[in-house]
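One chain, chain A, appears in both complexes that follow, with chain B as partner in the first and chain C in the second.
Our next item is the complex of A and B:
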């Protein structure tokens, strides 16, 4: 889990915060904080699908699954458990 | 007749709806529901506050707010105080924001938490901002030359009456910056008359009433979002604000739950609704959805046809065309004729005249291609502090759209391309829009941009940036399928696959950024 967290975190920091994590909180909303915009969310989905061999379904595109590092970890946990 | 009773100012639209239906819901955002009487009260308090802070007619008030309750109160409050509302993208970076603040010299800036950090990082003393109003301020401003005030304290109490002002309908109401593809953004000046005329015209052809409920996913700081707001407030209807279109499933679910009657988007909104949302599976639940409307640039025929298949049978599709310079809208396709005129941008909306002119300003007969030039009470008086651009865009014939097109025998207009984006490939004139449409029609591409790169042999060579529908798609698959509809010289020499196309904040494809991908 920790390794997964670090992998996601460094992807977000490298791609959206230009390497400066600035105390990024696992519970911070990507959209509300302005960290990631709507096209960025699709990039995040692409990253998750490629790196964790999952397929994000259309009805799973909800903030509860994807809008923070914590939400992504919970989502991956549920997805990988049923894979 | 006094200005107040003639209803010819933008905020009169709100005041009239409040008078007729004070308890109707004007806005929903998350768990927040605001009635017309509450919205008008908030706007009156902001107007009083601005007036007391010295705002006089013509003073600019910058709104750095995403779509939210505070935006509505600030926008109508600013207009009631005679101010000029300058809505800007709250996600602007410090350099871009500094340039815009220098250009408009606002007396007041109203900002949401999203932009507070950016404002804090600027040395505000150089902009002579008299008042900074912050929604839920969170930073320490003690060292700053400007002491911010709290938005909530202003709207929490105060006199529920607008300042007594006699404003003229020709007075400047708003400056909207367009995301130009090259150079600095241009500030489109719009008067009360421009916006009220266009609002009334749109309300009439969309047949909007006080029972309409619009799902708004487009930002109010651009003209299409602004038009959604003004038309629904004028009709006494409801706007549902949802700023999470990044998660389309959430938007679709709320459309069902709130019994939404109207949805509006730009081409990319519909591309993602079709390909990355559960729209198909919930179509039977969208019983109230009366219409969908599309503007903000050309949408491919394939996407329109797909949309018509996926939307419920009772849902009309309005394809529309406009420009910020026209306060939003110029033409629309009557929904009953959408199949017959699927490639058209439609007929002029009420009060607008559109002509096809040649380079000498002579009107061309139907079937001949020239520049689309529009006139009417909605056309801007000019660009902010930019007489050169103004004289290029406006002539005695009206507003020159920069779009090339023609009119058919039924009076329907068709756009064939931009005046400035025609490519020349090995001696052939090539219109990128035609190729983009063909690539999307292969059903292997969600959206794409076709560009011309300098080439020593051909003059320009065609390349494309494309978002594939599935990962396994190859360049060969696409070229093979599109070769059925495109001659060889119109096939891209290279297709670059990408997860999402670079876009500007209005959702339009950023062609400059696409070009950079080939460097």
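Our next item is the complex of A and C:
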């Protein structure tokens, strides 16, 4: 889980914050903070599908699954458990 | 305004004669004092916005100082050129029709577009038609997603969600259309010493429904402050031919017929106008619900979607960013 968290966090910080972590909280909403827009969410989905060999379904495209590092971790946890 | 107060669609009623006169006066002032050009070039799509913009330009400057450009391409709807021709005849302005298909073909547009669609629909081939659609703000539970809808020559329809790469490829390729048209508008503006008029209405301008340096580029935007409902009423006041006024709003961008509401806006324009007005004036969703035929929760979703689109399209409105202000240059 820790390794997965680091992988996701590192991707988010590198890709969307150009490496400036600025104490990003795992629970910070991507959309509310303005950090990631709807195109950015497509990037996140592409990253998850490519790196974790999963397919994100239409009905899984909800903030509860994708709108923060913590939410992504929880989503991946549930997704990989049923894979 | 609270829920107990009456809200009605009448809020969009304006004095058309006075407003048309004010816009015409502004156009003359801009031409004389700011732009210092002798006339106006307008791309005419056969739609309501470009027709009204052209009619207002004629009201301001006279028909001899307005130049219309019709720029269809192979995906344009069959009625596009007959409608743009109708407004040219109605306004008695000089015009030119340029089929931009060869320009688009030479930059590889059709091939690039088809290749991108084939990333998600491998069987997409010659004779197929397609369009991009967005998920409804009322249906999606969080993020709005774009899909491609393709129709085979035998009428079979296929719909597929667009992942990042094909989505960006399709948008980038399609933007060639608006940018090619703008390039031609500026060629003729330079040749004639004219300015270029943009044609967005308020919904399009506010919600970023335009291509940066494509249809978003212009020297003046005479109807950017008018809600679409007001544009239709202005069209009637200005005597724009009825068949143009009766045409449903279309993007006329994709080979498969596509309404603006399924591509970008959540609702038909008459409801979307009222929601945007309500949002701008701080009207409570409950008060707006009855006038729009929506439920208060739906109005709130549209309000939220307006904020999202404003935020995600802010970049389109931005001028190039400078590292520091250059005080000697103020515009």
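Rule of thumb we're sticking to: the second predicted complex is superposed on the first by the 83 of 83 C-alpha atoms of A that agree within 3 Å, B and C clash if a C-alpha of one lies under 4 Å from a C-alpha of the other, contacts with A are read in each partner's own complex, and residues count from 1 in each chain.
Just so we're on the same page, contacts are C-beta pairs under 8 Å (C-beta built on N, C-alpha and C of every residue); 3 or more make two chains touch, one makes a residue touch a chain.
Because the structure is a prediction, the values reported are computed rather than measured.
**Q** Kindly classify A:37 by the partners it touches after superposition: chain B alone (first), chain C alone (second), both, or neither?
**A** A:37 sits against chain B and chain C alike.
**Q** What is the contact status of A:76 with respect to chain B (first) and chain C (second): first, second, both, or neither?
**A** Touch status of A:76: no partner.
**Q** With both complexes superposed on chain A, which partner does A:46 reach: first (chain B), second (chain C), both or neither?
**A** A:46: touches chain B and chain C.
**Q** Which partner chains sit in contact with A:66 here, chain B, chain C, both or neither? Use first/second/both/neither.
**A** So A:66 meets both chain B and chain C here.
**Q** Considering only touches as defined above, state whether A:58 meets chain B (first), chain C (second), both or neither.
**A** In the superposition, A:58 contacts both chain B and chain C.
**Q** Just to be sure I follow: which residues of chain A are touched by chain B in one complex and then by chain C in the other one?
**A** Looking at chain A, the two contact sets intersect at 31, 34, 37-39, 41-43, 46, 58-59, 61-63, 66-67.
**Q** Spell out the part of chain B that touches chain A in their complex, as residue ranges.
**A** The touching residues are 90-91, 114, 243-250, 272, 276-278, 281, 499-503, 505.
**Q** For the complex, give me every residue of chain A touching chain B.
**A** The touching residues are 31-34, 36-43, 46, 58-63, 66-67.
**Q** Please output the residues of chain C touching chain A within their complex, sorted ascending.
**A** Touching chain A from chain C are residues 140-145, 161-165, 167-168, 308, 311-312.
**Q** Okay, in this complex, where on chain A does chain C touch?
**A** Result: residues 31, 34, 37-39, 41-43, 45-46, 49, 58-59, 61-64, 66-67 of chain A touch chain C.
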